[in-house]
């Protein structure tokens, strides 16, 4: 069975490496491998609706070019190009935001999201209303424009994440979705500090992709 | 890391065996194993709200008795005892209906469900409205009271499943949730015949449970 | 016509007496009487989802054992066993939470709930979303773990109830639902102090049960 | 305690008599009586949005003129003047549609409505969406422009009501709301024929009004 | 093509003049003119549900009396008589609240409303839930009972409007609906101060009415 | 005041000409002119999610290149690039689908849509749920893959449009949205044949754009 391909719409090698590290514990004894690819022409980060629009085109192109894969994951929390890619290829296509949020819904009645920065919040809300699950979110709170690289490595960002997570827990959230690839190295520590389910969207999407392709 | 325990609220050994077979392809190279247990005092099948009420009590008791497990899955599509079990133990607790439906939401905009029999439809609808995702379901259609054992083995049931799936696809469903444990042996054949995503809830829950426990 | 039976899933005689006193003013000139029964094996109070799961089983059993009754009311604000009891018997079965909330919806556009304690809030919210009426609630605020007995007798609890009621009124609530049996002796005083509709769920359920059985 | 006044916005004496007969079994041993009044200037029936608009003005005037009453019920299924009357007087004001629909919600997950005629359906839907409960209705089906007098007396109308009720039951309705005053004489026979909860809105409103005023 | 008639349910000449001034920039090179008429028997302002109920009757009467018009706009933010007028005449009938809110939905994901005074907020919310768009409103905040005349002329009211607008923007609103006729002279200044889309409902309704009648 | 620019994401001159003709009756005596531009690199028609993704990028680029304009309208019913364009420029940006649907909501309680072809239906539904107005649509029915040019000129397409419109009216729709640019020449005839409000999205967007820019 062909690999499950994570399509990273930005061009950051650090994000790529983080994705592969996050997925390592999901390696099956007998089954498809995980692979990640970045979009060469992609921006350093997907920070705006314009970035997402450009990414959408590239993502579908990458998917179309890889008929050997058993499934695709769009490795950006805005799920750019999800509909276009699903239309373009017959294999399962998952999105990071959908997988992260749906996994949270399977853990608790109410959830919250932590975003990399303030500009993402409105973009994510549009997707959540489109999914029809907005009423189960207590809120999305942004970091001070952290980068995907920082969220897994910076202690200062970790502390701010804890503070935002506690505010969302105080509003009733039972699960916390980390709104970007890159958080995985901190997930266990966040769960321990916050005492609530913490969802890394890369791992959530990896797990759901396994469920989608296995027979 | 302790096993992921599927708690089967009925007492059927055939269902138990089917669950373990469905989960076999999800065996990790290094990670928690899957295990299944049936509730000794459980009925042969969960066919009514009364059965589900009784199952709810037992499920929480089983979860409380197994602090060695890393996560629990309630292996009955009505998710009996989900809230009680989550309250009773600190580990993640997933339900078959939630996992199946959430996995479908990650594959297509609209989904349908096939139930074992007519009595289940109203019970499932209550859970779907509680989840807040009812608007994304095109409908739930029942088989003629098939058993959990038959759905994986009977050719007649398979053909009826195909017919119901085609009706749901005709209403716009892009993903089909099989509303019971036991369907896994037929999942690949159903996907091929129907040309749409088909979700076995046991595999969906198994995959999401892996995502919940891995670090 | 047989009696309307209030099934009290806890074993408290004080709650039983309070229910009968609350229903006394609803005695008809010619029609069914009210009767209350407690579940012998029930806990002192229904304080958790586990308590509710256990209560659900007993409630349906009690209903099944009383074919002489014209209707049943599950006298616990979590409505444990409502679906199981409806399935088990042909008579009308009402729940305290449903009756209280529906009565509030008939009095004002927005309502609030006062819970006995913090743990109940999430459990009630699941039922309210299942009912599809969550958008009309401004919030549910908990007392500091008062008991069903205290809410009708303690002046300190009364004052806290007034304070919580004022907060909910400040958020726009036009009706206040008292989230437990036992509040009836304070209802009139609460309406006078708060200047808004105050719903005792026992009286609300008693009145709706009369409407259900009369011809 | 002053009477509970049913304000009938049309000028039909037959409707008035039917209301009083429907409420007779709800007479309390010790408590407020029921009384009904028609609006002298009202039309023979409320058949249009224009009729309802005119009725709204009169209903509030009547309520304001009766400070002796303990509660008011607007005895027309469109609930004309509900907001104006609530604003005008301090007593509880209930509407027939709200009380009928809320009572149905307390009996089953899904309900249907039978309307006097086709023109009412859209008007009722606006109120149901305003109440936020439209998703629990399987549909509203109209009679062939029956009158409020006929629905309690005509055998032909009764048979059509049964047929419409069966269609709504076939769509999943567990409770049927009769969409006008006047049906009460047929309610018990309808329940027996249909095998589902049948709600007469006059009795539903009478019962809820008792719950609203009693202490 | 006949004029587009703005029906002002109050009797204020100042409001009439303001409406005509607001519409002046929408004059077409070749097409229907705008005209405004006040309801002679109308109150000075529509400040209550009772006022709105009375206005509803008059509005439909006015529409019926003007078969020469190509469309009607109910020039009061509560849209009194919208259903009755639509039923009474074959021409398009628009409401100020609907047009204002729908125009806001076409400019941003979330909107807020500024009301003339506190009593209007609950009345407007009923209409918004009836429209099914309440979830996109961040809130409605009231001025200190300003009059329709003041909102276009008073600097103090302008400053309060700015403050309320900033609070709504802080909650995420991307568009602001001015909840009354009369604000038009201040619209451009409000947009400049607030940095967000500001909707004058008279101009919004005028524009939508042009779209409704042109061929 | 600068022109209102309709950005046509396909490269069809016929569509361009149709847009300008549809807007001609909206020419103001004194105010901004309408102008239309096609995206040179655009496909002949936007028929897939992939087309829409590519269009989204170009639309924002065009908007950014025209600071002289007072407003922009994305002249494709899928509203490609709406969020990206709003983020990119300070002027109002409207979408054809949003304007068409919102205009329908201002004319009747329920609406229907006619699509150019079957593939568009699912794409439009995603936008409608994102807007939060899906519950007011009775359905979207597709033509047999008509082109934007045909819908204004072909008699066969006109007859099919009438048939689909009658089906939607039979489901309760009071307004019909034509799901593409190009229908304007047939709008008046459709209204006459169907006896219901018919919305041409180009004219709806043109009118709303006038409301957005005028002072």
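For reference, chains read A, B, C, D, E and F in written order, and residue numbers begin at 1 within each chain.
What we mean here is this: a contact is a pair of C-beta atoms (placed from the backbone, for glycine too) under 8 Å apart; a residue touches a chain by one contact, two chains touch by 3 or more.
For each chain, UniProt lists the protein as follows: A, B, C, D, E, F = Asp/Glu/hydantoin racemase.
These numbers were taken from a predicted model, which means no experiment stands behind them.
Novice: Given the two chain pairs A-F and C-E, which is bridged by the higher number of C-beta pairs in contact?
Specialist: Higher C-beta contact count between the two pairs: A-F.
Novice: Shared interface numbers for chain D (Asp/Glu/hydantoin racemase) and chain E (Asp/Glu/hydantoin racemase) above half of all numbers used, same, or below, different?
Specialist: same
Novice: Would you identify the chain whose Cα-based centre sits farthest away from the centre of chain F (Asp/Glu/hydantoin racemase)?
Specialist: Max centre-to-centre separation from chain F (Asp/Glu/hydantoin racemase) belongs to C.
Novice: Work out the mean Cα position per chain and let me know which chain is farthest from chain B (Asp/Glu/hydantoin racemase).
Specialist: E
Novice: Starting from the mean Cα coordinates of chain B (Asp/Glu/hydantoin racemase) and chain C (Asp/Glu/hydantoin racemase), work out the distance between those two points in Å.
Specialist: That pair's centroid distance is 33 Å.
Novice: Report the inter-centroid distance (CA atoms only) between chain D (Asp/Glu/hydantoin racemase) and chain F (Asp/Glu/hydantoin racemase) in whole Å.
Specialist: It comes to 43 Å between the two C-alpha centres.
Novice: Could you pull out the residues of chain C (Asp/Glu/hydantoin racemase) that touch at least 2 other chains?
Specialist: In chain C (Asp/Glu/hydantoin racemase), 86, 126, 129, 132, 135 touch at least two other chains.
Novice: So what shape is it, when you link every pair of chains that touch: line, ring, star, complete or other?
Specialist: Other.
Novice: By the touch definition up top, name every chain pair that qualifies.
Specialist: After working through each pair, the chains in contact turn out to be A-B, A-C, A-E, A-F, B-C, B-D, B-F, C-D, C-E, D-E, D-F, E-F.
Novice: Taking the complex as given, what residues does chain B (Asp/Glu/hydantoin racemase) use to touch chain D (Asp/Glu/hydantoin racemase)?
Specialist: 122, 125-126, 129, 134-135
Novice: In the complex formed with chain F (Asp/Glu/hydantoin racemase), which residues of chain E (Asp/Glu/hydantoin racemase) make contact?
Specialist: On the chain E (Asp/Glu/hydantoin racemase) side, the touching residues are 25-31, 86, 92, 94-95, 98-99, 102-103, 105-108, 131-133, 135-136, 187-188, 197, 199, 203-204, 206-208, 210-212, 214-215.
Novice: Report the residues of chain E (Asp/Glu/hydantoin racemase) in contact with chain D (Asp/Glu/hydantoin racemase) in the complex, numbered from low to high.
Specialist: So the residues of chain E (Asp/Glu/hydantoin racemase) in touch with chain D (Asp/Glu/hydantoin racemase) come to 48-50, 52-54, 56-57, 60, 81, 83-84, 86-88, 123, 126-127, 129-130, 132.
Novice: If we count contacts the way the header does, which residues on chain A (Asp/Glu/hydantoin racemase) are in touch with chain C (Asp/Glu/hydantoin racemase) in the complex?
Specialist: 109, 135, 172, 174
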